[in-house]
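Please see the structure below; I have some questions.
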């Protein structure tokens, strides 16, 4: 017997509450790791300025991490609003997705500390690529098991899968380039934005139900 | 197509659950950073008293941080009770607001440690000013996109914006004064309270729907 | 205009969600502070046994803290089930209550480390006493502002206040005794249990709506 | 008077929200303990690779811990979907269950660091065994107090108890074997999976309501 939890059930709500809690923790935790600097002369503006300057990678890392996980939370909020129901397998896939959300603060911190190192760029791209890939897996499962509120046409479905897969392709492609130049690799990440706008223009009619956020 | 989530939807509730989780974490986390002191003679009242005395900036910092973030949670709870619906942009603006809530424990800890340093006073005033400023941005967006339960008259709206902007003005004004005297700068912050009471007296009729908490 | 949020509103639910999140974090955080020991010979049962033995105050402290905060969560869950509505002042009082819940891990850790020190016993008793005292303040406010689902008779109300105040009295009384003997002070805490059972036997008819959990 | 909270009440929902928050925190916290390595030459791929290699026990430990607690969350989600109501004692038992969920990150970290040490294997098996045992206690209480949506037949009930007790037996049995060989002990844990599949095949008709997830 396959379990199926409709939108109005307590069980549907629990998956969202659990996901939201996990997102909120992953986004807030990093501030703890920013230690208050220890100064011999606490009243000197120059000394505290220098200390805050030394902390700037951690400070920038906090806001980048918040923005990246926040962007995924927006996408999660938006795509789960399309669901009519969840089944057991979908809930399990959502957990795998969340594992890589919960892990994201680590490669973000690594990238903040070692921005010039190809390995930290590659690890970050891998993590972000897996998260985007899991979005496709979740969407595909929801489509196949008829969990969506309005079942898209096959054409719109294919468009949705390709639109979600494109960031995965960009992140994967950036990894070998990171070993030539980390700046080049990060530049490839930013190509996701104009590509997404282009893709949206060529979207089949009715695909707007999958986009936005 | 613009997305719009009404008060009764699962999606409206998720934004609140996510915000509440983030507030709760930001308010609770600081207690972890208060390390238990290590004493050679654990049974001596004098030694533990001295150690707790040394910890007093962290202890005070915890309660101040809890009070400040708690006050913003009350304002969030109160102002979001005026909403009939949220759209995608409002949810995104709420995330930016929450980023500065999540960051607040850091300047609070800095202020607890370096109260006499103008830089920590300036950083704290900047953070708190941004949070109050984002409240105005959220309110303005809700007004313009017709997201409020009872649309205020233009006169009440202008009053609401000015009432919310005044703390931003006080916090911004305090920053240059911090470099003369940090006590003076903090005194300016406390002017927000009597000013708010004065403003409330001059409020146009019907504005009480925006006030309180 | 006094705000009042009924049981069915989104705003009533937010206060509960926020409180539950804060309780959950305060109860879970302590496990992070239990560091994994570092051994030179990782395979030796004796060495790891010794290291775990050294950690036993932290381990016991985690479970005691979980039990104490868990007991307050049960009381919060039980007493808030009596509410028909909340007003703004009640929500503010609940925040003050939660501040001392969030702080509780610190005196608990201190007590775990310095059980023989009168100061850590006194600090713990003070914190727990304030939490129990705030329960009385919340109940009194709900009674006076007519926020309860079934308004108790004045006789039942007086009984409820006294039943809730008695732990405060025991905790306060234990503080001077802690400076004679910490074991004696802790023994006084445990008198709360038989006293509570005795009080329940003398409860006026209909008071069972306030008890249990 | 025995309290009973039906599925539709605010109080039923609070227990779930509290449990979900606690699960989410326990699953996310571990990432904080993975410190970013400090390198003298931050741009060297080899140095960062070595440092990440040294961190691999922490990294593996994070994902194992996430998977183990995630699996218990799935079981919690699934088994609580069978409930029609909760009473006070059930809520208290759920708290005891959650205490051992919140503690799980510690033995997991210990196992990640000292996989060859029988003591860490024994501690982990004990913790996991208690969690599985508490699942049986919760199910038994729900059955006896008539808290389930569809009351199972005595035959199905007995099957459910035995199916849930079998992991406890395997974990308990593994502890003495850990002192011979930790690999052997862990191998015994994995027997839970094929045994579960065998048990499911011999399940009495109608028992599928208790299985799955």
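As written, the chain order gives the labels A, B, C and D, with residue 1 at the start of each chain.
By definition in this document, contacts are C-beta pairs under 8 Å (C-beta built on N, C-alpha and C of every residue); 3 or more make two chains touch, one makes a residue touch a chain.
Worth saying up front: this structure is predicted, and the values here are computed from it rather than measured.
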Taking all residue numbers at the chain A/chain D interface, are over half used by both copies (same) or under half (different)? different
Fitted rotation between chain A and its twin chain B in degrees, CA, nearest 5: 90
List the centre-to-centre spacing of chain B and chain C in whole Å, with centres computed as mean CA coordinates. 27
Once you find the CA centre of chain B and the CA centre of chain D, what distance in Å lies between them? 38
Give the residues of chain D that touch two or more other chains, as numbers and ranges in rising order. 13, 17, 21, 25, 29, 32
In their shared complex, at which residues does chain A touch chain D? 1, 3, 5, 9-11, 13-15, 17-18, 21-22, 25-26, 29, 32-33, 88, 91-92, 95, 98-99, 102-103, 105-106, 109-110, 113-114, 116-120, 123, 179
Can you list the chain A residues touching chain B in their complex? 7, 12-13, 16-17, 20-21, 23-25, 27-29, 31-32, 34, 36, 39, 42-45, 48-49, 52, 59, 62-63, 66-67, 70, 73-74, 77-78, 81, 208-209, 212-213
